[in-house]
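Note that chain A is present in both complexes that follow, paired respectively with chain B and with chain C.
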Partner chain A sequence: MKDHLYNFLLHLGDNALVLGHRLSEICGHGPILEQDMAMTNIALDLVGQSRNIFQYAARMKGGDTTEDTLAYLRDATAFKNVLLVEQKNGDFAKTILRQFLYDAYNYPLYKRLMNSSDKDLAAIAEKSIKEITYHLKWSSEWVIRLGDGTEESHNRMNNAIQDLWSYTGELFKYSDYEISCHESGILPDLNGIAEEWNAEVKNIFAEAGLEIPEKAWSHDGGKRGVHSEHLGFLLAEMQFLQRAYPGQEW
Partner chain B sequence: MNNWPLWEVFIRSKNGLNHKHVGSLHAADAEMAMQNGRDVYTRRNEGISIWVVESKHISASDPDEGESLFDPANDKVYRHPTFYNLPDELKHM
Partner chain C sequence: MNTAISKEDVYSILEKVSDPEVPVLSIIDLGVVRDVILSDDLVEVVITPTYTGCPAMDMIEVEIKATLQEHGFERTKITTILSPAWTTDWLSESGKQKLREYGIAPPQGAAKSKRALFSEESGIICPQCSSTNTEMVSQFGSTACKAQYKCLSCEEPFDYFKCH
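Now for the complex of A and B:
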């Protein structure tokens, strides 16, 4: 088994699962019915993407490992998602901005993964890219609406930028397994993705009348299992059922 | 959001069929109405095309005038194409 590929798959799957779970937490609490459903749809898309990736990772690992053991029986330190996706929902502005910052990264990433030297991963990326394209369209429009909306929505977007900006640097910082994956052609150059991300964020922020913060210190650690305090609480809720009643099925 | 206008949503379920009214929703503008329509009404593969129109632009007949508008057609059976044999190939009549 290629350890670097396995770890990279966990990283991709964890990003999707954790963000999907975060969005699912506000199912029924959206600002209006239509956006409530939009966010729930995105949550379901993300959980579905994580399933595809975990099924592949579980096949690679073999033994008793399944998509469920990967999702429900690993502890926080074994999760490799970026810190951005585990940040709390906050207000609607923060939920939207977190989604946009992630989508603007995820879209160029998956677009390139479609040409990955790993054929299974390329197929998964191809299956996911249509959903991700819509997520990016949806979240960019909301960034523009809120940034360019009322004084209140504009201020809330600025607060969200303050809260989340320091988690964006980690997206483009190579972990050990990403370096190995890059060397073997599984993962494209993160710098190219960073360029595309910067251009997209600059573009949408300009339309929204929002300022990009000065270059600043950024958190990292998520990719190697060092998380913010929020992930433990998230997993406690997400994993409770399988921990309390092992093997339980729908 | 309470003052967002109401929109009517029409979905074409497949090529060759008409757009059909499926419901309504609130949205700030046409673009949002389209996305909301997609999120609310096409989650289960219901459609391949969406139209949205602001409800205020739809002129509706007055139910009180129903008798004068529609009843006169009741006794005019000769307007139905039931006196002809329709070829089997003809669908959706």
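Now for the complex of A and C:
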């Protein structure tokens, strides 16, 4: 088994699953019905994408590993998602900004993964890209609406930027497995993705009347399993059923 | 297995399997059946998901197996492929007609990039009164495949099976 590919798959699957779970927490609590439905639709897409990735990872691992054991029976230190996606929902501005910062990274990433040297991963990316395109469109529109909205919504966007900006640097910092994947043609150059991300964020922020913060210190660790305290609480809820009643089925 | 069975026979049996979320559509109308492979006593049905998180897909697998079994096929296998990715371009013409009659506006035109900001599909025909004076409420609807629209002529809301 190629360990670097397996770890990279967990990283991709964990990003999608953790953000999907965060968005699912909003189900029934959205600011208006249409946007409640939008966020739960996006949650569904992300959880679906994580399933495709975990199914592939489980085939690679073999033995008793399944998509369910990967989602429900790993501890926080085994999760490889970036710290950005585990941050709490906060107010609507923060939920939107977290989504936008992530979508603006995910879109160029998956676009490139469609040409990955790993054919299974390329097929997953091809299947996911149209959904990710919808997500980015939706979150971009809301960043503009809130940034260029009322004084209240504009201030809330600025607070969200303060809260989340230091989690964006990690997106483009190579982990060991990403370096190996890059060397074997599985993963494209993160610098190219960073350039596209920077251009997208600059563009949308300009239209929203929002300022990009000065370059500052950034958090990292998520890709190698060092998480903020939020992930443990998230997993406690997400994994409760399978931990309390192992093997339970619908 | 009866050796006289052809692929076409299996396809016509699969016409009886409907999409659990839009029950007027068969899985053949929907375009999710990509191939049928007959070998010895095994029927293999190759399907592709509409949306990755579509909860209907698990249900569809169960229904395919059950329906084939009802028709005497004991050994069945479902294989899921992701590439080429499903598109609404594969929705059959009869499927589009069935959607319209069911009160869901079928996708208009070919699937293309929706990357443009604030772009929305316009001129969508209201399934109630056939007016094109309609507007999008949200690109996300009651299921992954639908967007929410409203008709400005008859003032009814409706679902649009969006181009994908």
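The rule we apply is simple: the second predicted complex is superposed on the first by the 250 of 250 C-alpha atoms of A that agree within 3 Å, B and C clash if a C-alpha of one lies under 4 Å from a C-alpha of the other, contacts with A are read in each partner's own complex, and residues count from 1 in each chain.
The rule is short, and it goes like this: contacts are C-beta pairs under 8 Å (C-beta built on N, C-alpha and C of every residue); 3 or more make two chains touch, one makes a residue touch a chain.
A quick note: this is a predicted structure, and the numbers were derived from the prediction, not measured.
Colleague: Please work out whether A:34 is in contact with chain B alone, chain C alone, both, or neither, and reply first, second, both or neither.
Modeller: After superposition on chain A, A:34 lies in contact with both partners, chain B and chain C.
Colleague: Have a look at where A:67 lands relative to chain B and chain C in the superposition and call it first, second, both or neither.
Modeller: Neither: A:67 stays clear of chain B and chain C.
Colleague: In the overlay, answer first, second, both or neither for which of chain B and chain C A:131 touches.
Modeller: After superposition on chain A, A:131 lies in contact with chain C alone.
Colleague: More chain A residues touched by chain B or by chain C?
Modeller: So, of the two partners, C touches more residues of chain A.
Colleague: With the two structures laid over each other on chain A, which partner does A:51 touch: chain B (first), chain C (second), both, or neither?
Modeller: second
Colleague: Quick check on the superposed pair: does A:141 touch chain B, chain C, both, or neither? Answer first, second, both or neither.
Modeller: After superposition on chain A, A:141 lies in contact with both partners, chain B and chain C.
Colleague: So, does A:103 touch the first partner chain B, the second partner chain C, both, or neither?
Modeller: The answer is neither, since A:103 touches no partner chain.
Colleague: Let me check the overlay on chain A: which residues of chain A are in contact with chain B and also with chain C?
Modeller: Chain A residues touching both partners: 34-35, 37-38, 41, 137-138, 141.
Colleague: Please output the residues of chain B touching chain A within their complex, sorted ascending.
Modeller: 1, 4, 25-28, 31-32, 35-36, 39-40, 43
Colleague: So in the complex, the part of chain A that touches chain C is made up of which residues?
Modeller: 34-35, 37-38, 41-49, 51-52, 122-124, 126-131, 133-134, 136-138, 140-141, 144
Colleague: Which stretch or stretches of chain A touch chain B in the complex?
Modeller: 31-35, 37-38, 41, 137-138, 141, 145
Colleague: Can you check the complex and tell me which residues of chain C touch chain A?
Modeller: Result: residues 49, 51-55, 81-86, 111, 113-115, 117-118, 137-142, 144, 148, 164 of chain C touch chain A.
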